[in-house]
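Next up: some structures, all given as structure tokens.
In what comes next, subunit A is part of two complexes: it sits with subunit B in the first one and with subunit C in the second one.
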Partner chain A sequence: MRRLLSPASPRWTVAGMTTVIAGTVLTAGTANVKGSWAQLTSALPFSVDAILVRLGVGTAADRLVDLGVGPVGDEQVVVPDILFTPGTAGATDRHWTYWPIRLPSGSRLAARCQCVTGAATMEITCELRESLLGRHRQSGQQIEAWGAATADSGGTSVDPGATLHTKGAWSQLTASTGFPCRAIQLIPGVGSNRGRVYARWGVDVGIGPSGDEQLLAENVRILCTGSARDEISPFSGLGRLLPVPVPAGVRVAMRAQCSVTNSADRLFDVVGYGIR
Partner chain B sequence: MPWSYLHDLTTGRLLSESDATVVPKVGQAVHVRTNRAAEAEMWDEATRTFVARPPKVLADRLDDLQTWPEFQRVWAVLNAARRTDLRTALIRLIGRHRFRNQAEPAEIDGGEK
Partner chain C sequence: MLRTVSCVGVQAQGFDAATTQWPTAASGVVAHTKGVWAEVVASTPWDACAVEMQIGDSDATNKIHLLDLGIGPPGDEHVLVTDLMLQLPGSGDDSNYPYFFVIPIPKGSRLAIRTQTSTTTSHDVRAVVTLYRAGRTFPQLGTGRISTYGASPSTTRGTSIDPGASANTKGGWVQVAASVDLIRAIQLAFGPAGNVARQTYSWTVDLGIGPSGDEQIVLADIPLASNSGQDEIVTSLYGPCEVFIPSGSRLAMRAACSGADASDRLFDTIAYGIG
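And then the complex of A and B:
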């Protein structure tokens, strides 16, 4: 007789959710300075393989968010400088990013943020998963941010140039990656330019020295819906994560083409992340 | 820290940037500056250098209202004090939707895709 075995369902929970179904409030420090850590959970209930981070409820100002683990006063950043740039209408709850990173059971999880406006607030919740989404086979151990501009709580500016639907110049995200990466994450932002029109971008990611960039990913689509909800987002929340390996010690750059040519609205900010 | 900007010699089109020394290939040239170009600057293919990016000018929806005949008829019968009251109330009402991109319609969310 053949016995059918059902694997135990992977566990899933939410950290940082309050009793009124709001997120944990993060308060930025002075302008462009990280604020204090806010606890999302005192102890992870299981070993986490992936985190789905939701950011929302903030004014229309650029922010960078850190996720960290560790006891009070000794938090270690595990996901640095998550770019969060609400559009003109302020934050929606549509800023989701997926991080395939392993965190040990029992760890305290916390978050903090900085904002171009001092003492600005926002909210965060994290879905904690004991398994990975999609075809990612292994969660990561380390994440580094490429191109975060902590001086203005934004990212690296990418200019598609004045020619419609033609790739612009490569913008450097990092001169040298710190470790070999199995995947990269891209988060686009408005770059403090709000009141945008509808626009589409096709984004390339490349590695190598200036003038000899080799394509890693081509025509990753990002979108600005324009009108009041003019934040910039990728085509889908999980579409930011690209399963392309990047060696250690290489320069990473991005370029883009755009559906508009006006010199302000064709620009966007971006922060890249290498996942080990 | 100096930054190098690689561009095409023939067209002037900007190709790439780097904070490391860049050796141009045949048909390319490098423009070096003492710091990275700010977002307020943009590459000019004619002069092969960075120029100031034109400032973005937004339109005021209060100015849009002034062009609508139905609003003009109401505005015309108000005295200065009532006009001020109406303007103040409208600014409160439309809040952050007051200023719009020049390419967008005056109607709030009117051009949403």
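And then the complex of A and C:
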């Protein structure tokens, strides 16, 4: 553990890094089935307020990743179904997502994955962060996933529709949130479509019943840079952690407009996450 | 108790629905010189507590941008954050550098952007400026003042970091700034330093503070990677993350690289400190 210089500094360390560069290898089960848990750290060195999850070194195939805590054989999922859809250059690309989740000191941290391709591998490392300023305002106790499609290791498909530069219909991520959320996270993916053309989307997020969605986020950009990468970016960095409170029991949906009308390339997958 | 949400909390500014596009700014035709300001939004819709800036350029020319975000009326723009780095390897990849800053921006503000490149041809940079409404759950860090360290506007570069000739071994510390203001959160940008024929390499990077020869690690083992197909450095942006760096501290960086090629092991960096 790296101790920072000032006593006022938050603590910070990395879990899962096996050598100077490489992360812990996760192996998927049979197609679209979660594989075995792989330990990242046997005991968290301090109470963690946030985790920066880095996923990479995987073949170009859609995956869902769980982060869990607990002893061997009794892991409990704390971050479910993190969507990971590396593109054509998936061999080294590293995607990171930020999770303001509070985990107690001494907990064992592990991860597992599923992939549309059976037995596919990938790597994971986690930065464990203490937050002195945000401890009582930002970190959550529970995370639920909305719209994960475990049958194909993807997410909910969002279709902007065939009319260029026009918001399409709302796609439901969840019919009812399980608890009050202080923030939400959104991870876009390619939905197993690789060989894409360049495309950009303006995305809205809304809550409420069908036909009466109220906007939470408006015209947020996501981008596919084309077949050289075949990735939908930006991956969920802090900028995609939306600090918008969402009540329990509400429907969450997403819609988009796109710069292309190609029936395959205008689509994208998304998984949403509610953070308590 | 959570309040029921009844209004937009996150909104991209300057969105053109007719083209699904966001604002651009053109660099000047003089290399290493900022172009004119381009308006993003004439009047922000509400008090904001944070801003995300995705910057990109779809032109295939190998170049580097340094971009400023400004606030104020035309002709009287004040820089909020300077020299946001965007390094493009020439693949025509409209890369995303999603900078994020927790800074207050009052309702009714005019926001603008300007840029410079390393070339003598004018190039457009696109900036998606997304505001986060005040009163949300981001902790307010200090005054919201952002300081840029390690940028070289005269060459449109960052600070070059050399891991040294021994693979997988941390090289010597490289100074990024001789003295910084108080920093409560930091964001680090990384780029390929204009090298458009890279091998597939990996790095781990340390950020440290303190006098030369007595650097203390603040952030350790930040992983980076390059791919011979895209010639980029990923992750292009790290953070923001909470740190405590006292005013007057010297800022330095070192790295280990999986390879030792004299050109391909190098990368650029610029640090953005929030006080």
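Before moving on, here are some points about what is shown:
Definition applied: the second predicted complex is superposed on the first by the 257 of 276 C-alpha atoms of A that agree within 3 Å, B and C clash if a C-alpha of one lies under 4 Å from a C-alpha of the other, contacts with A are read in each partner's own complex, and residues count from 1 in each chain.
Going forward, a residue touches a chain if its C-beta (ideal position, glycine included) is under 8 Å from a C-beta of that chain, and two chains touch if they have at least 3 such contacts.
Remember, predicted model here, so these are calculated numbers, not experimental data.
Once the two complexes are overlaid on the shared chain, A:251 sits against subunit B while remaining clear of subunit C. When the shared chain is aligned, subunit B comes close enough to touch A:60, but subunit C does not. Contacts of A:198 after superposition: both subunit B and subunit C are touched. Legend: residue contacts after superposition of the two complexes on their common chain; A:175 is shown touching subunit B, with no touch to subunit C. In the superposition on chain A, A:265 makes contact with subunit B only, while subunit C stays out of contact range. When the shared chain is aligned, subunit B comes close enough to touch A:213, but subunit C does not.
In the superposed model, A:165 makes contact with subunit C only, not with subunit B.
For the contact definition in use here, the residues of subunit A common to its subunit B contact set and its subunit C contact set are 88-89, 198, 225-226, 228-229.
Every residue of subunit A that touches subunit B in the complex is listed here, in rising order: 60, 88-90, 157, 159, 161, 168-172, 175, 191, 193, 195-198, 209-211, 213, 225-229, 251, 253, 262-265, 267.
The part of subunit B that touches subunit A in the complex is made up of residues 4-6, 13-20, 22-25, 28, 39, 42-43, 53-54, 56, 58, 96-97, 99-101, 103-104, 108-113. Residues 2-12, 15, 17-22, 52, 54, 56, 58, 91-96, 98, 100, 128, 130, 132, 136-139, 141, 168, 184, 200, 202-204, 209-210, 216-221, 223, 225-227, 229-230, 234-235, 237, 239-244, 246, 256, 258 of subunit C are the ones that touch subunit A when the two sit in their complex.
Residues 2, 4-6, 8-10, 12-14, 17, 19-23, 52, 54, 56, 88-89, 91-94, 96, 125, 129, 131-134, 137-138, 165, 180-183, 198, 200-202, 205, 207, 214-221, 223, 225-226, 228-229, 233-234, 237-239, 242-247, 257-259 of subunit A touch subunit C in their complex.
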